[in-house]
Every structure is written in C-alpha cells, then in structure tokens.
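Only one structure is covered here, and it is reproduced in the block below.
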C-alpha cells in the first residue's frame, strides 16, 4: 500500500513538474533557447494568486484566471523586450539575458513584496478518497487531473488547429515557415504566452501543496522542471509530460526509500544515467549532421 | 612487385544502408600509388557517401576498405587520418575561429606530437617542435599562395582561397591518399585552370595519390588517369577518360534516355 | 635619414594580437596589484573593499578556467562552482588537519591550494567522462546535474580529525572524536573555525599562474586542437584530432583552476557552507565569462572585477541595487548583441582604426 501511495504522490508532484516543463520545452522547440526566467514567472504567478485570494478575497477559480492572465502578459512582454532583439545573437547571449531577466523578476518581487515568506491560504479542502489503507488527497487528484486536462488540450491545439500546425512548422524550419506565410514572431509570442499561462496554473498547484510564497520560490521547481524537460527530450511535448511525471515519481521514491537529504542527488544521477543511454532524452530526436 | 602498381586503396564490395535505403552498393575500385583518380556521377549518386565511408565518418554496412595493405574495419575517422587518408569537404569545413596559419598548423596534430605539459611549461622540446611546425606551415602556405593571408581569420578568406586552405590543411597531415570533394565548385574557368595545375603539383611534390569528386568534366578529363562512374549508388563504369567519354551507359546516365 | 627614423618598429609583443592580449591581461593584473597594495598600506582602502580582494581573485581564476571550457573549448558548463566547492573543502580539511604539523601558513596555503586543484582536476576527469560523451544543451544540463549532486554530497559529509587520524561519516553524523579532536566538515554547516590564511598576494600570483597556463595551452598543439574541435568537429577528426581527449583536457584544466580558486576562497573565511557553491555561483561565473567575451581572458578579468564591485558601488541605492544590477546585465547583452547596434559600433571602430593607422 505504501508503494501505491508513494506512486500516486509522485505522479502528483510530477504533474506539476510536467506542466512547468512544458513551458521550457515549447520555448526551446520554437526559439531554441533555454528560458531561465521561466521559474520566476511561476513565482510571479504565485504572488498574484496569493494577493487575489488573501487581499482581494477572490474565489479560487477567478484568482487562477487572474494569475494566468498576468503571467501570459508577462511572458509575452519578456519575450518582446528581452529576447526578440537577440533573435540573431548566439544562444549563450540569450541565455545570459534570460538569467538577467530572472534576477530582475526576483529582485523586483523582493522590492515590491519584501523577502519574507507569505503563507498561501489553503484553497483545496483537506482529506480525500480512501479505500483500503490507501488515502489520496483531493489536491493530488486535482493536480493529476489538471495535468491530464492540460495534456489533452495542448495536444489538440498543437495537432488540430492551424496555429498549432504553424507553431510546429516554425520549430522545424523558421526560414521555410516564413516563406509559407507564417508570422514566426507571432508564433514565438504565442508559445511564450502558453508556456507562461501554464506556469501560472503550476504555481497555484505548487503553492496549494507547499503553501509558502517568497521571491526565490521558482528557482528549484524551475531547475527540476528544466531537468524533466531534458529527461524527456527537450523540444518534445510528450517528452515533457513523461519526463515530468517520471521525475516526480523518482523524487518521491528516493525520499521514501533511500534518503530525504540525498533525494535531489538521486534525481540528478538518474537523469545522467538516462542521458548516457539515450543522449537526447527519452523522446528526443537525434539530428544527424550532414557531411 | 613494381611499387607504383601496388594499390594504396582497395575497395571491395562496399555498401551502406541508411535505414533500409541502400545508398551505395557493391562498389569495387582501387587507387594506385601516385595516381589521380576521378569519381563522377549524377547528383545523388552517392559519391560523397563513398568519401564518408573511406574516411569512416560513416561505417559501411557491407564490404571492406583496404588501405595501404591493411583492412580498416573498425577504424575511426582519426585512425584513418593517422593511417594516411586526408580529405576536403564539399561544404567547406575550416576552423573559422582560427587564423589561416593555425588552420594549417592543426594539420600537423598527428605528425608532430608533444604533450600539453611540454606546452604549459614551455620546455625546449615545445620550441623545437613548434619551430618545425611553423616552418612546414610556411612552406604549405607559399605553395598555395596563402602567405599574405597568414594571420587573417580563415572565415574572412574569399571562397577560392578557402578551398585552397582546406587542401593545404589536409596535406599537412602528410597523407598517402588525398580525397578532394568537388575542389572546383564555385570557381571560375581561370581559377579551375590554376587548380588543375595545382592538383598535379600536389601529386608530384607531396608524393600522394588523389581521389577526387568533381562535376567539372573538363577538369576530370584533363587530370584524371582513371575514372569511376557511380549511378544510384552502383558502379556504372570504370576506365580511362577516353573510355568513359565514349561509354554509352555513362552518356545515358548523364543525359537521360 | 629623417624619413628612415620615422618608421619606428614596434616590439613584437605590441603588434601581434596573440601577444597583445597576453600583455594586456598581465599589465592589468600587475597594475591593479600595485595600486591596491599601495592603497592598502596608506590606509585608503575601505574595509569593505579590502574584504573583497581575495574573493575577486578567486572568481577571476574560476572564470578564466570556465572561459577555457566555454569560450575556447565551446562547451557550456553550468557546474563550475562544484569544482570550486571540491577545491575549497579539500583545502579547508587539509589545512585544518595540518595545523599542528606544518607551522608556516604560507606553506600550508600552497599545499592546500595544490591539493584543492588536484582534487578538483580528479573530479573533472570523473565527471568529464560522461559529460563529454554528450553534446550541446544535453552536455550543459549534465554539468548542472553534477553541480547539484556534488553540492548535496558535500552537504551530507561529516569529517573529523583527531590524534587517531580522520573519521568520516555520511548522511548521519556518527563521528566521535577524542578530546582535542576537530570537526573539519559538519554536514550542511560546512567547515567552521578555519584559520584564515589566504592573502591578496597569493590571489594575484594564482591569477598570473592561471593566465600563463591558459595562454601557454591556447598557443600550442593542444590549444589549437581544442579550438579546432570547437569550430568543426568533423573536420577536426579528419585531421587526426581526438575530440573526446581534447575536450577532456580543457575540462580538466578548467576544473583544476576552479579547484585552486576554491581553495583560496575556502581559506579566506572562518566558516564556509556548501550551499555557497550552488547553481547561482556557477551562473554568476558564466555571466562573467560571456560578458567579458568568449575566449577573451582580459575581458573575463575586467568583467569579473566590474560585476563583483557593481553591487558594492551601488550600495547607496540600497534596495534597488540588485534590480539595477539585473537591468545593467540585460542592457549590456542587448547592446552588445543586437544586430543594428553591433554594425553601428563596428563602423565606428573601423573608422577609428583607419584614422590611427593612416
């Protein structure tokens, strides 16, 4: 029974990672950049949801919607102001700019809302479903449910809509997409918007589980989710889901069966092992250089 | 046995598949010492793939490559170069961040060897060997008319000079067999003429055999002693320029039915 | 006769770019050293700046190493801080255990730095084997992963030293020491009670040594191979360069320098926590390298000094200083990399150069 409950908790944590990892992987797929500021968008999302619920007294759903709206705008704004002027620059320059944006968001949050930790109100009822010796909290069920919903919506969007197809075309070949009349800049903006919106959803799920809000809140989930994206093969959307879920399960199992202190080390060791066996992640494509 | 009649390269029943698609099949050919051999064929015939197998960038699926009397199965790209195969690339591959001089110097990597320790502590052996490298590098640049460009970045050279630099770099590895992949691509007739003279000079001066891929028939017919024609990954014909010129199969492959 | 005299032949170290960069970086370091030493002795240097001198040297050395890895070898490394960590804690433990047997602090510092460098180089070798089998962003994430692993391993290490020798335990502290014994590593609390033996002069010497090592390596057979492998992997192999071995050399030298820098850093503070060398420190070093220019060692030195001092100089801005730091960072990247601005600056420098030449 323990095993099963760990597994479900792992899937719950993994669902959050998966939703965040989507933001990394989609942006990487289309803009070929590692968006290090993505974790800090989560942090902003958490603060917005916090103020919406505690100060403005909004119910949960409108608060989430507000958070999603703010993060979406923020994501697009960051892309426009900081990344778009560097479209032709080296990947490393864009990376450093993303780090600058990350510092900026963290310090802005600290100035605006102080560095002290705020306690996120409990938004999802305690308790859950029990059957036999197994208890699954509502929160875990909702988190997994949200993740599945996001997965279905996103794959429908990517595969069935015209915009989704245009986005895939851009990630394959930007030049050819432009020739086909696709507005590449618009597609990149949409990608950032979706990724940041998902980050807001993830932030609420994260804070419901770990109810403290502070300026560097996004750093560790950011790194973990980024790892998850690489784990699944960066650039691949199903890969981000798979990577996120696996990472969550591994982390919970490592904590339960091996050592709490070493759980992070174990997660990263598994990542290294996977990459040694499959150098482009679980579902990543290998591009053969033409000689 | 006459030294010149011993093949430096023997290719036996060579073939490669890419995911079920056969790119080259059942290729037999040889290159003798001091010979200039042409490898021609329509676009997509698999010529560059042959080069990639000869240098072991791709591992062949079937057949064997015997270089200098030794079977090369299991060799890496580096092993092939150490054994004496050097090449140029269809899409020029220079070290763009290095100067012209340093591009040639890298060519001596496997020939004039010293350890990083000798370099860090600037031991006397470092100085003697660097002097040796620089001396030979200057000679090569002189031959290829690149002395003036010595300190420029390789990426700043005009196209023709980049092709010459690639040949110079390949020769620095002191090859027994030099593979030239479309050396005249993008050159005007004047430059192509000079290139022909240069290829002959390279063969005589460096005592090396040359296998070249080229679309410029004037160049191929002008300097190659023997020609192998590829079509759809298969060998279509082999022989002297005169034989190839009058071969009806070859004419058909090039002009269509 | 007069016309002949006008043509002054400049010495070779001023005309050739490869010598020019070396002369520039050496003179900056030596001039900086001289000025700061004078200021220190005349009492013109605030205690805040004095306390920053050694850390700046450490960051410079680690950043020079990282530049060898990122700029010269072309592999993105997001875990340079973990090699500093290995060097620092090796040095602290060694220095702590030698306190009784080696009395000269300078000798102890040198031994500890050598040990730190060797330990970090060894870790570089072990980590390099899996890391350098990968490419591009996958390689970067594995360096990040190793950074996290090393950090959490050191966070869980307990090491004590007494008359009977070393006592070690992992995860749970089971070290029991005889009276007079000393805890060298104390899990998340790291090392405490370290004797502070690092000096600014040692830092300057370390910078000079690392510059010599990197420059001597760059302008040699191995250095050319490293750069060739970076510029064109397949062409490099085709001239007989073993890519893995070559990249490994750069990786090991880079981690070795970080280890020496970490050793100096560790021995500059009485307490040192493993969390000091986290992902953020690795990123900070990367920022110095990219801002200073890939492959440009002089640039790395200047960028490190400026960026370490910038938050201190902005102290009057109080709460806003880190925000301004972030904005400055973004603006520099935008200004130096935007196509329009770059062509504009290039035109100006070309004009200036023509004027000075003509």
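The first chain written gets the first letter, and so on, giving A, B and C; residue counts start at 1 in each chain.
We adopt the following convention: a residue touches a chain if its C-beta (ideal position, glycine included) is under 8 Å from a C-beta of that chain, and two chains touch if they have at least 3 such contacts.
Owing to the predicted nature of the structure, the values given are computational and were not obtained by experimental measurement.
Visitor: Give me the step distance from chain A to chain B, shortest route via touching chains only.
Guide: 1
Visitor: From the centre of chain B, which chain's CA centre is farthest?
Guide: Of all chains, A has its centre farthest from that of chain B.
Visitor: Taking the mean of the CA coordinates per chain, how far is chain A from chain B in Å?
Guide: 49
Visitor: Using Cα averages as centroids, what's the distance between chain B and chain C in whole Å?
Guide: 42
Visitor: Quick check: how many Å separate the C-alpha centres of chain A and chain C?
Guide: 32
Visitor: Send over the residues of chain C in touch with two or more other chains.
Guide: 234 - these are the residues of chain C that touch more than one other chain.
Visitor: Of all residues in chain A, which are in touch with two or more distinct other chains?
Guide: If we look for residues of chain A contacting two or more partner chains, we find 291.
Visitor: Can you list every residue of chain B that touches 2 or more other chains, as numbers and ranges?
Guide: Residues 57, 89 of chain B touch two or more partner chains.
Visitor: Could you pull out which chain B residues touch chain A in their complex?
Guide: Residues 48, 52, 57-58, 89 of chain B touch chain A in their complex.
Visitor: Which residues of chain C touch chain B in the complex?
Guide: Residues 16-17, 212-213, 216-217, 220-225, 227-228, 230-232, 234-242, 249, 253, 295 of chain C touch chain B in their complex.
Visitor: For the complex, give me every residue of chain B touching chain C.
Guide: Against chain C, the touching part of chain B is residues 55, 57, 76-78, 81-82, 86-87, 89, 93-98, 102, 105-116, 119-122, 126, 129-130, 133, 151, 169-170, 172-173.
Visitor: For the complex, give me every residue of chain A touching chain B.
Guide: Touch list, chain A to chain B: 291.
Visitor: Which positions of chain A touch chain C when the two form their complex?
Guide: 28, 34, 36, 82, 85-86, 88-90, 92-93, 95-97, 99-101, 103-104, 107-108, 110-111, 219, 223, 226-227, 230, 234, 259, 261-262, 264-265, 268-269, 271-272, 275-276, 279-281, 289, 291
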